[in-house]
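Right after this note come the structures.
Look at the two complexes coming up: subunit A is in both, with subunit B in one and subunit C in the other.
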Partner chain A sequence: MLDRRRNTSIKTSIFAHCVIAFLVVPTLMVIPISFNDNQYLKFPPTDLSLRWYEEFWSNPDWLRATWTSLLTACTVTVLATVLGTMAALGLSRMVGPGKKLLIGLIISPLIVPTVSLALALYFFFAKLHMVGTWVAVILGQTVLALPFTVLNVHGSLQSFPATLERAASTLGAGPVTTFFRITMPIIRPGIVAGALFAFLVSFDEFIIALFLAGPGMTTLPVQMWNTMQLYISPTIAAVSSMITGITILAFVLMTAFGRRSKAK
Partner chain B sequence: MKQKTAWLIFPCLAYLLVMYVLPTAIMFMAPFEAGIAPGLTSFGQALQEPSYQRVMGTTFEISLVVTIGCILLGYPTAYYLSRMETQRARIYLMLVTFPLWTSLLVRTYAWIALLQDAGIINSFLMQSGLTEQPVKLLYNQVSVAIGMVQILLPYAIITMYAVMVGIRSRLVQTAQILGASPSRAFLHIFVPLSLPGLSAAALLVFIMGLGFFVTPALLGGRRETMIGTLIQQQVVLMGDWNSAAILSALLLVATIVLLGVYSRFAKLSNLVSVRG
Partner chain C sequence: MAKLSLTNIWKTYGGAQAVRGVSLEVESGEFVSFLGPSGSGKTTTLSMVAGFISPTGGNIRIDGRDITNVPPHQRNIGMVFQDYSLFPHMNVAQNVAFPLAMRSVDKADSARRVSDVMEIVGLHGMGQRLPIELSGGQQQRVAIARAIVYQPQILLMDEPLGALDRLLRERLQLEIKQIQKRLGITTLYVTHDQGEALTMSDRVCVFNDGEIAQVGSPVSLYERPESRFIAGFVGESNFLSATVEDCVRCGDGWQCLLVLECSAKAKVLASQPFSAGTQLTASIRPEHIRLCSVDCAEDANTVFVTAKVNDVVYRGETSTLRGQLESGAEISARATVTDVARFTGETVRLRWPTDKIVLLNK
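Take a look at the complex of A and B:
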């Protein structure tokens, strides 16, 4: 009987590993493709070259798009982290159905189709004559980044006893001192994780940027989309490899942070 | 202390009301304001328009196929992960969520590179002599489904895992000690207990699938146009903002209704742990 049970679990194990490979491997394929000399995405690459990376770094359109994306993502991160941390602190002191409703509202942009949100924002900013401005893109993307900052900070507050804050205030610390000396160090991992997510969300966000950005403010995903509409250039593989590399780095950093907060 | 800090929620709440709730309301009102066909008639007309009906049908069909695919691939995987030691499962779960971290356009591009006529899979098939001509893998429903399953599968796995991890192996073992065969014990004990996770995952994937835009636009052909793609086309190619608003409102209503059903048996906040 034991044997049979182990048998099924070996089959399940193989199946599960294949599924995980399906999730991870195809994306990583862009890396070998990007070093390909041939412009037809041959695999395995016949000749290795860095020409697609050179093309990226020597093309002002790509560079400008990268710069725009970085700037946008940083601004969104700051906005979402400040608003989200405050909201999480507020939420953590609440109980009851109101809290559930608020969390529902904050999370819902993740499930509501982004096309609908982008279109709604277009109508809204059109009334304000702000379509095509950088501000509109940032304000819109922040809606998508907020769920991550709020819930990450909220999560790190769950294990945080309110008595600590009370103790600090009993001992004479004002609310601001209490926040920076007591609360902040404890929830820092949540804030960092939330900020990192906010950055990734904005850096990768495409639909809002496509609808709201003006011609001079093409973000990296929009530039990729525009290029892909024309032809499947291997330059995109080079861009993709660099983005994936940075993402993996962020991923590793996050895990390191997560570990450290767990160790504490 | 308790009430004192609750005000901190207000900036965020105000932000969402102005940047999310209000714009959505404006979008819903747009077809009424335009005055081409008064208000609700325009929604009725949209529902009867054959080309829209076809797109809605396609959207529904693709979402359904993707949902089935995610459950078939995700259920055994979630089961496997849920029977692991927590430490190892953590690492595996990180791999499962890896796609959610990588750029959507990058992943879509990777599929194009893999599936196209001169792509990796076809060159492998042709070099190994399995086929003479490249197999058409791209710009059809199969490629759209593959791309969407890869994006939505992590959500399905995490949702099911969250439920399965709470089911004790002891229960299944007890049934076996009492004489049930392993498969019978699994089917009669484990599967019923995991059903809430399965239905939550299915509904979630279906809802999220309805609103897809990038994947069908890049991996599909014209016949794989989904509502999301149509909305974008109405805006960018036709400049027809009113039709886009009507379609978007319909999509939003469908999403909200299904979300209401979903929230009856699953916690929405589970979603964020997917990425977190």
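Take a look at the complex of A and C:
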């Protein structure tokens, strides 16, 4: 009886590890490939080399794409964080069925397939003659990032005692002062988490950038796609490794930040 | 130091009336408490004075200035909440200095005032602690310090001691009262606890169902309740139905002869004449009802009844006898002797002085 249970738990454990491996290994495979001194994407690597990283850092196209991506992601982060925080503040003060509906609408970009969203945005911006502009890419990606900031900030507002704002108001603080001096410092973990998600959403967003960006506004994922159209170069693996590295770093930072603010 | 006046304040939520026509004048430096059952509109009224919600009707003035539509941060009001509401990310000194910073008080002056007020609330030297590093009682002291450091015109407190244990509550009651007197700050104090209201207040304002049922000094409220609700809510009372036999002029009042429901007769002073046959309620406090010892000499100024004792509740310095009159009415009496438990199940004689009877309209 006990034996059988142990057997089952071993089987479960093996299965779980297989699933995790399936999720992680393909992503991690690109890292050794990127250090391979071979013309072709080959695993396992034959000779170690940094030539594909060198190739990346000496190619102006890659550098420009990186710069565009960073600039876009930062702008989207700022926009989505400011808008999302304001929306979350409003939502947290709402009662009744309107609130649920509004939350549903705001997070709908998570549900609607991104291709459909991108297509819809394409037609929308076409009407406004904005396809191919940087603003269109920014706005499109902000729509995609907004659910993350709204949900994170709204979540941290759930545990925020409403009487603190009342207390601040009797003490002489107007609404704006109250937000910056009282509310924001307390819900900062939610805002930071939302901002990081927004950054990551934009940084590796591909479809909207592909549909809406004009020439000279190629972001990193789009540049990868363009490169792959011509030939498969291990440079792609090097770029992937670096993006993965940045993403992991961001999450580690976020976790560390969350833990510190909780300990406080 | 300001006079507060509420004039015919109404507050309705949809169809529900939370506050119905409250009018109240609070004198400069006065301590007025709001007492009443849950849901009677105390917090709602206080919130309108603070400015968190705006009245559906009526107006609120401080020293004659109409503040009905002034936002809370421009009212110069101090408020202490039941949950303390200290800012968790600021230390104690920063919390207390916050209202001074909002008023652009310079650093040195602010530091001096913070340290003065910390002295007043007995928290000297705790400025560097965070709120979570303090006990509930200490947190509430910080909240009080923060609410008085800028000398607001009015101080509002909504059940500030509700979350504390009894001993601490009694100590803080005295301290709050002392601070309030010393600063002479006009105060509105919401409480569930009638003992608290009676010990701390200059006047108590009893709410019932969104209205003020009676306002008065603790003594007048306890000794001259104007309605059955007040007589039963502030302290305990026995209610007996009484029929007026006749009233005669007596000094500048009237003396009425009543027949109580236990068929005992009593001569009671009244402020107005009642016509014969009027049905009234006679209210008597349990502590005025005594157990008769062996010789219960008849006396015109004493009412005697017989009652069957149903049970005796021991309460330390007194015991409460609960019994039933022949008419079926329940009656409770306080006995100061300790061996009254033996009367359980027996029929006893009870008496009380006629001048302790308060006449109430039905």
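Just so it is clear, the second predicted complex is superposed on the first by the 261 of 264 C-alpha atoms of A that agree within 3 Å, B and C clash if a C-alpha of one lies under 4 Å from a C-alpha of the other, contacts with A are read in each partner's own complex, and residues count from 1 in each chain.
Quick note on the criterion: contacts are C-beta pairs under 8 Å (C-beta built on N, C-alpha and C of every residue); 3 or more make two chains touch, one makes a residue touch a chain.
Small disclaimer: the values here were computed from a predicted structure and weren't measured.
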Remark   = The chain contacting more residues of subunit A, comparing subunit B with subunit C, is B
Ask   = Counting only touches as set out at the top, which of subunit B and subunit C does A:Ile111 meet: first, second, both, neither?
value = first
Ask   = Which of the two partners, first being subunit B and second being subunit C, lies in contact with A:Asn59: first, second, both, or neither?
value = neither
Task = Would you check which partner chain A:Ile232 touches, where first means subunit B only, second means subunit C only, and both and neither mean what they say?
result = first
Message = I'd like to know which partner A:Ala250 touches here: subunit B for first, subunit C for second, both or neither.
response = first
Query = So, does A:Arg166 touch the first partner subunit B, the second partner subunit C, both, or neither?
reply = both
Request  = Please work out whether A:Gly174 is in contact with subunit B alone, subunit C alone, both, or neither, and reply first, second, both or neither.
outcome  = second
Query = Which subunit A residues lie in the overlap of the subunit B contact set and the subunit C contact set?
reply = 166, 169
Touch list for subunit C against partner subunit A, complex = 50-52, 71-79, 81, 83, 85, 87-89, 98-99, 102-103, 146-147, 150, 156
Note = Listed in rising order, the residues of subunit A that touch subunit B in the complex are 1, 4-5, 8-9, 12-13, 15-16, 19-20, 22-24, 26-27, 29-30, 33, 40-43, 83-84, 86-87, 89-91, 93-94, 102-117, 119-124, 127, 139-140, 142-143, 146-148, 150-152, 155, 162, 165-166, 169, 175, 193, 197, 200, 203-204, 206-207, 210-211, 221, 224-225, 228, 232, 236-237, 239-240, 243-244, 247, 250-251, 255
Ask   = Quick one: in the complex, what on subunit B touches subunit A?
value = 1-13, 15-16, 19-24, 26-27, 30, 73-74, 76-77, 79-81, 83, 92, 94-96, 98-99, 101-107, 109-114, 116, 118-120, 123-124, 150, 153-154, 157, 176, 182-183, 204, 207-208, 210-214, 218, 227-228, 231-232, 235-236, 241, 244-245, 248-249, 251-252, 255-256, 259, 263, 268-269, 271-273, 275-276
Inquiry  = Which stretch or stretches of subunit A touch subunit C in the complex?
reply    = 161, 163-164, 166-174, 177, 181-182, 185-186
